[in-house]
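Each of the next two complexes has subunit A plus one more chain, namely subunit B in the first and subunit C in the second.
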Partner chain A sequence: MTRPDADADGSALPVPPSTGFAALVSHGDVRELRGPLLVAGGIEGVGWDEFATIDMDGGERRHGLVLEIDHDLATVQVLESTDGMSLGGIRIRFEGRPLHIPVGAGWLGRVCNGRGEPLDGGPPIAGTATLPVSGWPLNPVYREPPQEPVLTGISVVDGLTTLVRGQKLPIFSVPGLPHLTLATQIAAQATSGGRSFRVVFAAMGLTHADIAYVRDRLEERSAGGELVLLLNAADDPVIERILTPRIALTIAEHLAYAEDHDVLVIMSDMTSYAEAVREVSAARREIPARRGYPGYLYSDLATLYERCGRAKGHHGSVTIVPVVTMPAGDITHPVPDLTGYITEGQIVLAPGIAARGIYPPVDVLSSLSRLMRSGAGENRTREDHLDVAAQVLAAMARARQATELAELIGAGALSETDRSYIQYRTSVEKGLFNQGRDENRTLDDTLDRAWEALSALPENELTMVSTAFLKRYLPARDDRS
Partner chain B sequence: MIGLSQEGFAALTPVRQALRAAAEKQAGLFRDDARIQARALLDGAKAEAAAILAAAVGEGEAAARSEAALRSARARRQAHELVLVQRNNLRLELHRRVRQAAAGLTSDPRYPLLLGRLTEQCRELLGPDAMVTEGREGGVIAEAGSRRLDISLPVLAEMALDTVPGVSELWSR
Partner chain C sequence: MVRVSGPLVEIEGGGSLSMLELLAVGPRRISAETVAVAGTRATLQAYEYTGGLKAGDVAAPTGGELSGLMGPGLLGGVFDGLMRPLSTAPMWLAPGRAGSAEEQTVVAREWTFRPEAATGNTVYAGGILGTVPDSGSVVHRVLVPPGFSGRIDWLAPEGRVHALDPVAVVGGRAVALSEQCPVRRPRPFLSRHTGSVPLHTGQRVLDLLFPVARGAAAAVPGGFGTGKTMMLQQIAKWSDADVIVYVGCGERGNEMADVLHGLSELDDGRTGGKLIDRTVIIANTSNMPMMAREASIFTGITVAEYYRDMGYDVVVIADSTSRWAEALREFANRNGDLPAEEGYPANLASQLASFYERAGRVTTLGGKTASVTVIGAVSPPGGDMTEPVTTDTQRFVRSLWTLDRDLAYSRHYPAVSWTGSFARDGETIGAWHAGNGDPGWILRRSRALALLAESDRLAELTEIIGLTSLPGRERITLMGGRLLREGVLMQNALSVNDGFCSAEKGAALLDLVFDVVDACQGLVERGVAATTIEQSDFGPVLRAREETPPSDAAAVRARSSEVLQRLVALQ
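For the complex of A and B:
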């Protein structure tokens, strides 16, 4: 029996199902244009966060997100702003679902804007599947604890705050410090012990000069097909900034769990992201909470940070390094404060250390990787790693006390041991912490430098490392037997 | 002033000679010392100059390396972007040809059947009162109040291109 719409030879011109056509229905009843917002009337069956396409009379096409629904009115935030739009010359098509993106290896080596559209002149990204950018955090039951290190080639990070596959470890900084340089260096150099490693860099609210720096610095990784670059500039729409980390994580999750790569997602700067959330929340007329940020900022940040991890039955992992700039260096500011609740440690940059000409200016006594024990030590990095890291930090704490004491009573009045701690601080800062901006150190080099710095101290002060390690790794000194 | 007598002058000769010899010896020592100091200064200066030169060479090499890396990165990026632009041109050309070919389907014997089905779809989505007209390039365009549904043949062709799997391989191979 032939279908009624088939012709004599039984074939018919294929007609896509009407569900596909529903997304083609356009609405022309636009009642108001207000800043980046557009209010459309006569709307039915449209939901919150739904993605929309706006067709303008001249053939130009813009995009938007549904911010609010009130009876038959839909408020849409236009991603490219409403400049040049006029009532009567606009039609809106609602996609019937939140923003979906194609996912797959097609993203690698590409440079896109904050909503995933190519900036490199190439065709739109083609994927092997289409997924919602909102994603979903990993089911706790299917989680595997983070394990094994991600080596960044940066001594102070690898040696003292080791990043672990599947961890979320933020960089806390203040404006003016080289946090972007550090994040970019991590993106350029990070590896996971010979496994297939990919990087997704989500730039949010960066200046064009910073974007140019990031592109130049990461070009090699990009040309090698190991990098996805999503660039949302400071003058790009704020709502796009809200989408950028979600798109980055959706791409990363697919690369990790469907294609078995270890994926590092760098998100810089999360404070710009949170400011975008605040702006959109104000446009939705929500009740503001601390410093004008919406009350749900914690859960909003958690829906991003919690998308990292490792999953049972999958070899890949998603590791997140967000950069958080603390306005006026205030660590109690809502963004670093809430980020600190969710993440597993922090790398803190300090202006005082940067002023001494040390790069990266990491304040090691305020920095911590809570999962370091899962990624460092015997069979993971090197047998002496954890002990030597503990010793370096303990000695830094004592050196700080000795320096404060020297400021009070003068260096001449200090004991010989205290003076050796002050000498140790200079030696560890210059030999271990200070590093070139494109210098990639092996872990062995890092740990050897740590031992070299510790050799400035009397041997009986090195109480956190075993005698066997002292014999094996501590460099010989003339005055030491 | 009264000059010395002949004898007195002769008697002082050994003293004069001794003084002169001592002065010459002292001068010799000073000269040697000065030579040693000058040599040491010169050696030190040469060593410092060599160190400065080595550091400058090192810094220059590092700067040149990073400049070369930057230039090569930019050149590679430009080359890659040229390839990407060409791929995009291929994609646009494919879309243009498919749209053109779709417009030609109006002369296909199965076209009236398609038109009927599309009209049905319009009424299903916009309601039975929707006004359905045939598009200039084939297919239909329906309107009901402020709602409009454009399923003309070029739109259908674009939809098909976006949904057919593997199309992107045509320009990314």
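For the complex of A and C:
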């Protein structure tokens, strides 16, 4: 494959659109205010998707994006909501281009609001370049298939749903479960090939208590200049949330491809983000698809999640871990559903497992890492990894059936094999899945624990591992013939 | 231009526009297609990011329809939904890139043209003018384009030519090496064939239970995480077609990288080259402009028809048609069309039909028998198989391979459900097998389906009354179902031995399971306890697929006699 343009396009950084947009234009003719939308009239020379700054009479300043141009009308979505605005006394300055932000290492160690303005009392962030927050699609030909495992030190993730550098792997949860604990534990412990990650944390609609928890858990990373926090709290402007992940990803892409860092982006909570998108869509009176969400939610989410990856000729990478709380625990709700179609697998947390005192409460049978097959196994983690993971999962499926059967007909009526599966379930949950909130396990430890759990089963049930691995790794058991 | 809202652009004063006409819009001249004309107003759908477009910008008609440049150099290449090469595009895809016909790397590339006709001959559309030997793993044939016929006034001599250079003059009109094909119009052919010839996919559950005929359409509905993409990639790798067109329509960028990477590494057993050299990839990932995603499906099938007309068997794999339907829906909504089901436009079914019906095994204009097989993935929201795209698709396909979430969760891959799938051509394909040396195919298929159904029924019963209450004969059937599922239907895509399976090995594996079941039934009848049989080691049966080479039926049969001997010893 030839790449004649590799050098011609400069350092292969995101190229800002230089043509097509006009210069700064200013207007005062506001015709309509509706929900988060503002319609300005008498405009000329304003382009679609431009960024706008709105000055109100009292000196307050707000921001917006152009959603539609119709003759001399421009519909602007106001990030901080239109509360307190009136048709008079407003000046709008159109910037002549979409929203750009400064990018560079200056973000590391900073705490900002959902629009990227400092909350930590420091100066505004200065960058080495400015880039549009929506980014550009990465040419698929330049993508390097992700294949280096990310070790999180969490058995159930490393062992069964291995995260891979450049992957997007969401955590599906329900309110009340420790998804933030898990996400922050991944952020704190993750390494790949011995290198640690730069972490960009985008909080959207999180409660102040949750935000305090995140800051506390990741304090070490922040102090070390390895963390960027973008915080949009539950009582912050809703529409601002539409920008928060885009800013986070623009920062991350620059750190990854211009400064060669491995970057982990955590976005929580995507359900709050999607609700902000829905609110704008409803205000525009668009025809809804499912549950009032607009038909373009898939494409919209994809423009965020697809910004993960590795690019040829660059050492850095962007790995994305979004957190999605499923309303009413419904995995078919549009947000988790569309997320699942875009992301490369999912880690599903289940209340029933949390209730049995297991942390992290991962439902291993519904969880999956699609890239695990290229990131685990021989030359990546350990030769037996894929086989043993498949066997643990298959045995869990069988164990679940056996447990249900035992509830119906009583454990006494079960075959001996089924009883061994029930015993296996207890030992795998206690020995492998359950772990401490700060416990960082090595991969060898994780896999050995998996073998230990499997040794509860008769050897002829272990059909998914090769005979050679059985000989090498299966712990000896006294009653094994 | 008077209105811009995402990909929807309205212009005024365009009186002479025709529907589907392509325009260049705004200062960056992005492509847009006419979708509605009312008086002097016209509605356009833009194929790129419309940021910066203003009221008052100019839209210039190009006079043509959306089309792609087809010629040598497609095989092994990666293109976007508008058929612009991605292999030579920059890392970040900003709008305003030139089409193939203006792209220097395409236009400046030299090919060898070898004439196969003679000046003075009279030729018709589809007739052969020459070949290009240095393009991909199949011989590229330069044909008289549709609509051309007459005397060959001039024919280029053997030598080096560029894509846009003329290679012949037919009936007074110049024929270039590469051809601009409108993508929304099917390329003409002479007649459709009846009768079924199977497409061997190398995937046992498909080849043995739910086969697809060459020139038929198949759909793969499945919720996320059910292994849709993995299965399609396996078909792209292993099916016995001449050319594969892989359309990544609104799917993941990493997957496209994976397809590209995987196919570049695998050898093509038939030509000695790499599999990528028989593949054309159309990549319009989910973050690339949405309306180009809508076009990519048609672009892909036009490429397939282009190779079909050269006389090849082509498979088009579209992942995923749901994303394409969503692009239709988004645009219809912005355009203010009244929605039918779930917000989809009322013409969804006819649009789906216009895609799937371009599949076919035909006699080409040049008199060759060739085919386009279409395999489309469907991604039902929430795994809901009653949603419009899934239900409409089922009406237009010959084979349906439904992926089952429960099977996928228990890591049974490929997770093709035997209750939710069908193959309308099963019997005619059986007849083909019977005529081609395998009269047992049809019996094996029906016995396998019956065994699966019976063991499913017994499994449900067991959940109520417990295994030990079942009679021995039934317990063996239950066990037989398990052997069939795990030893034959499951297939490990990553394994060297198991990723591909020849027809003979597939048949041998099925026979192995049937022989074991028969032997066990015999034992039960002679009074051996079912528990004793269940506890014996069936590992050799279950591991046969992994431990014997992909085309080695004899090795499987050798295992069969070994296992049967051990069973006899239980008596």
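Here, the second predicted complex is superposed on the first by the 391 of 481 C-alpha atoms of A that agree within 3 Å, B and C clash if a C-alpha of one lies under 4 Å from a C-alpha of the other, contacts with A are read in each partner's own complex, and residues count from 1 in each chain.
Note that in this section contacts are C-beta pairs under 8 Å (C-beta built on N, C-alpha and C of every residue); 3 or more make two chains touch, one makes a residue touch a chain.
All values derive from a computational prediction rather than experimental measurement.
Trainee: Report for A:R307: first if it touches subunit B alone, second if subunit C alone, otherwise both or neither.
Mentor: second
Trainee: Is A:L414 contacted by the first partner subunit B, the second partner subunit C, both or neither?
Mentor: Once the two structures are laid over each other on A, A:L414 reaches subunit C alone.
Trainee: I'd like to know which partner A:G329 touches here: subunit B for first, subunit C for second, both or neither.
Mentor: In the superposition, A:G329 touches no partner, neither subunit B nor subunit C.
Trainee: Quick check on the superposed pair: does A:L405 touch subunit B, subunit C, both, or neither? Answer first, second, both or neither.
Mentor: It touches subunit C, and subunit B stays clear.
Trainee: In this superposed model, does subunit C or subunit B come into contact with more residues of subunit A?
Mentor: Counting contacted residues of subunit A, the larger count belongs to C.
Trainee: Contacts for A:N460 in the overlay, against subunit B (first) and subunit C (second): which applies, first, second, both or neither?
Mentor: In the superposed model, A:N460 contacts subunit C only, not subunit B.
Trainee: What is the contact status of A:L365 with respect to subunit B (first) and subunit C (second): first, second, both, or neither?
Mentor: Touch status of A:L365: second partner only.
Trainee: Between subunit B (first) and subunit C (second), which does A:P351 come into contact with in this model arrangement: first, second, both, or neither?
Mentor: A:P351: touches no partner chain.
Trainee: Common interface residues of subunit A with subunit B and subunit C?
Mentor: In subunit A, positions 5-6, 12-15, 20-22 sit in both the subunit B and subunit C interfaces.
Trainee: For a test of understanding, state which residues of subunit A touch subunit B in their complex under the given definition.
Mentor: That would be residues 5-7, 11-16, 18, 20-22, 24-29, 41-42, 91, 106, 109, 118, 120-123, 126, 215-216, 219-220, 222-223, 438 of subunit A.
Trainee: Of all residues in subunit C, which touch subunit A in the complex?
Mentor: Those residues of subunit C that touch subunit A are 2-6, 26-28, 49-56, 78, 86-96, 105, 223-225, 248, 250, 252-254, 256-258, 260-261, 283, 285-290, 323, 326, 329-330, 333-334, 339, 342-343, 379, 381-384, 409-411, 462-469, 486, 494, 531, 534-535, 537-539, 542-543.
Trainee: Residue numbers of subunit B touching subunit A in their complex, please.
Mentor: Spelled out, the residues of subunit B in touch with subunit A are 66, 69-70, 73-74, 76-77, 80-81, 84-85, 87-88, 91, 105, 108-111, 113-114, 116-118, 121, 124-126, 145-151, 155-156, 159-160, 163, 167-168, 171-172.
Trainee: Can you name the residues of subunit A that touch subunit C in the complex?
Mentor: My answer: residues 1-6, 8-9, 12-15, 17, 19-22, 43-50, 67-72, 97-98, 135-146, 166-167, 286-290, 294-296, 298-299, 302-303, 306-309, 311, 331-334, 337-338, 340-342, 344-346, 365-366, 368, 370-371, 373-374, 386, 390, 393-394, 397-398, 404-405, 408-409, 413-415, 417-418, 460, 463.
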